Amino acid sequence: MNADETYRTVMTVDPPATDSPFEVASREFLFGQVWNRPGLSIRDRRLVALACVAAADAVKPIDDHVYAALRSGDLTIDELNEVTLHFAVYCGWPKGSQLEVTVRTQWHRIHAERGEQTPPWPVRTVDDLGPADREQRIREGQQLFTDVNLVDAPPSDSPYFYAGILNFVFGHMWARPDLSRRDRRLVTLPCVALSDAIGPIHSHVDSALGSGDVTYDEMQEICLQFSAYYGFAKGEVLQDAAERWRARASR
Amino acid sequence: MNADETYRTVMTVDPPATDSPFEVASREFLFGQVWNRPGLSIRDRRLVALACVAAADAVKPIDDHVYAALRSGDLTIDELNEVTLHFAVYCGWPKGSQLEVTVRTQWHRIHAERGEQTPPWPVRTVDDLGPADREQRIREGQQLFTDVNLVDAPPSDSPYFYAGILNFVFGHMWARPDLSRRDRRLVTLPCVALSDAIGPIHSHVDSALGSGDVTYDEMQEICLQFSAYYGFAKGEVLQDAAERWRARASR
Amino acid sequence: MNADETYRTVMTVDPPATDSPFEVASREFLFGQVWNRPGLSIRDRRLVALACVAAADAVKPIDDHVYAALRSGDLTIDELNEVTLHFAVYCGWPKGSQLEVTVRTQWHRIHAERGEQTPPWPVRTVDDLGPADREQRIREGQQLFTDVNLVDAPPSDSPYFYAGILNFVFGHMWARPDLSRRDRRLVTLPCVALSDAIGPIHSHVDSALGSGDVTYDEMQEICLQFSAYYGFAKGEVLQDAAERWRARASR
């Protein structure tokens, strides 16, 4: 596929004319050279790009990518709602709020364009919040922390770890349905990469690769997809973490 | 207090219905589990959250948190104006500008809602700008740098240190009235944490704890409050800095 | 010039081998398609890229770009020191601190590699701090604010505007020597673009173009250079601001 065809497939609308160096280069690079590469599905690339545009607070790109994700059928409304929650936890609730609103807006827009009634928004109950038993949550959080991160659970002795990481992030969020663990990694990896937090970058790259959820070749594509949307400056750090993992793994 | 009651206390308005995973989880986690924790006052938590929402460029959350800070009476208009300046210096003026506008807007809104005339906005004079004598500013800046950071002042030989850090940041800004040094730390800590600059993260965590302005237990709550609003990826780095301080302090 | 030759010119060292999709794409895109474009000098592109890598907290890229800026002779040590201060003001002091250290380190490294003694570091005096008279500073700050931003100076009635913007940012920093106003715009534009603050993005794009300091065609190149280093998600917002300016200007 050439750049314009790829644009149409990814964004689900006709490509606008390109008449500035920025537009020419972004069409050619993003759609002619990145999105149409093999090695990572368009759906997977969407998860990376969604996290990047949401983090960039770029309202129109958020609209466009959420619309395209829904219209293409690559992500269901339930999956997108989970992406919003997962993104908010890793990039902060304030940035999540724009994505939250956008998912609703684009969901209505797509049904309106089709002349359809928007289906009823899913009802949430307390059963959606994970186990009520707090000891069970911590216990399951410790287990899932280890399953995801491939290291021992952290001590339960700080609010950050106990009330935050064990009780909520791993005791509930990573265990929620609608996104696979691999999907969640595809949202998490750009979030840690754009956060520049070097410890989390290494631990999430290592565990994504070490778990087998993401192959080394796929990680290369994730680095490139991320760099295209969030810049090569930060991309270089993610890439470096992947290289270090491979160097260790091959010893 | 349950999540909805805490929401009402913190945000000073009735909690909206929650019908997406993002909303359900954020209500439950932020208000059911974070804001109502002991160990850090709601006013202190506001300073952390204000820096986080301002940094995230999230217009509605900025509006909501400034409104709530004023309406609750937790922060006066003078204090909020100082928060804006302090935040702008640590997170950059572009991000500060939205907070500046918001403080004015919400200040009017609150008085309008009460059917009151908005009080006259405070007048500023040159006496508000610190010492005119430039040698005195540098000297006082060096002293305050040491008092705040618990290390020697940096060399006066680069524009960054001389015209910036010594002349303005410590020669004037940290010495301004209306916010205590501890208050300023509660704004600075999230700013350095979200900046990802590892040197400043460690120096500000170390000096906040080393000075006694913030206890280790309070720092734990600051880490959680920050993580809740700016994401667990960056929160982990802040938390790690606190742990390293304790490990060194207990030797 | 092909990608490898451009790499050598820009980075001032031999290009490393490329053996991952990330490396291949970044060499080809950054050096084969962006840095060697006409329409913006390599020195100008350096100012944009330096702000981007410094903002990304990417230690090795910061080292590499500061080294290359000095070794190429494109930026003097005095100019780089000013870039550091200007960047710190627009992106926050925490991020500035890494750049501050790097400029010193790379300055020594270059002289050591040449077997030369590092020249004495410039001495700073109070005359380096702008006018001592506080009324004069505010007055000059108001004038320079108008000259740079092409709009009236803001009210002097908040700490953000009075002690910050008028007294320091425009009352002193923008008036400092060693960088031209156009140079300062080339540092400011990426800083506001990466901050996501939509008001400052528009005001700095509008005034850069409206002042004639930057032509529309140059702005296009700045957008592309910025996008390459800080991602197309944020780049699209900058580009959109430039397009809106042109649409208004051509009416």
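Which chain is which? They are A, B and C, in the order written, and residues in each are numbered from 1.
Methods note: contacts are C-beta pairs under 8 Å (C-beta built on N, C-alpha and C of every residue); 3 or more make two chains touch, one makes a residue touch a chain.
Predicted model, so just to flag it, every value in this text is computed and none were measured.
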Classification of the subunit A:subunit C interface as same or different, half of numbers criterion:
same
Fit subunit B onto subunit C over the CA trace and report the rotation angle, somewhere between 0 and 180 degrees, nearest 5.
180
Length of the line joining the C-alpha centres of subunit B and subunit C, rounded to whole Å
27
Measuring centre to centre with CA averages, how many angstrom lie between subunit A and subunit C?
30
So which stretches of subunit B touch two or more other chains?
57, 196, 198
Residue numbers of subunit C touching subunit A in their complex, please.
20-23, 25-26, 29-30, 33-34, 37, 39, 52-53, 55-58, 60-61, 196, 220-221, 223-224, 227-237, 239-240, 242-243
Which of the residues in subunit C come into contact with subunit B in the complex?
57, 81-82, 84-85, 88-101, 103-104, 121-124, 126, 128-130, 132-135, 137-138, 156-165, 167-169, 172-173, 176, 191-192, 195-201
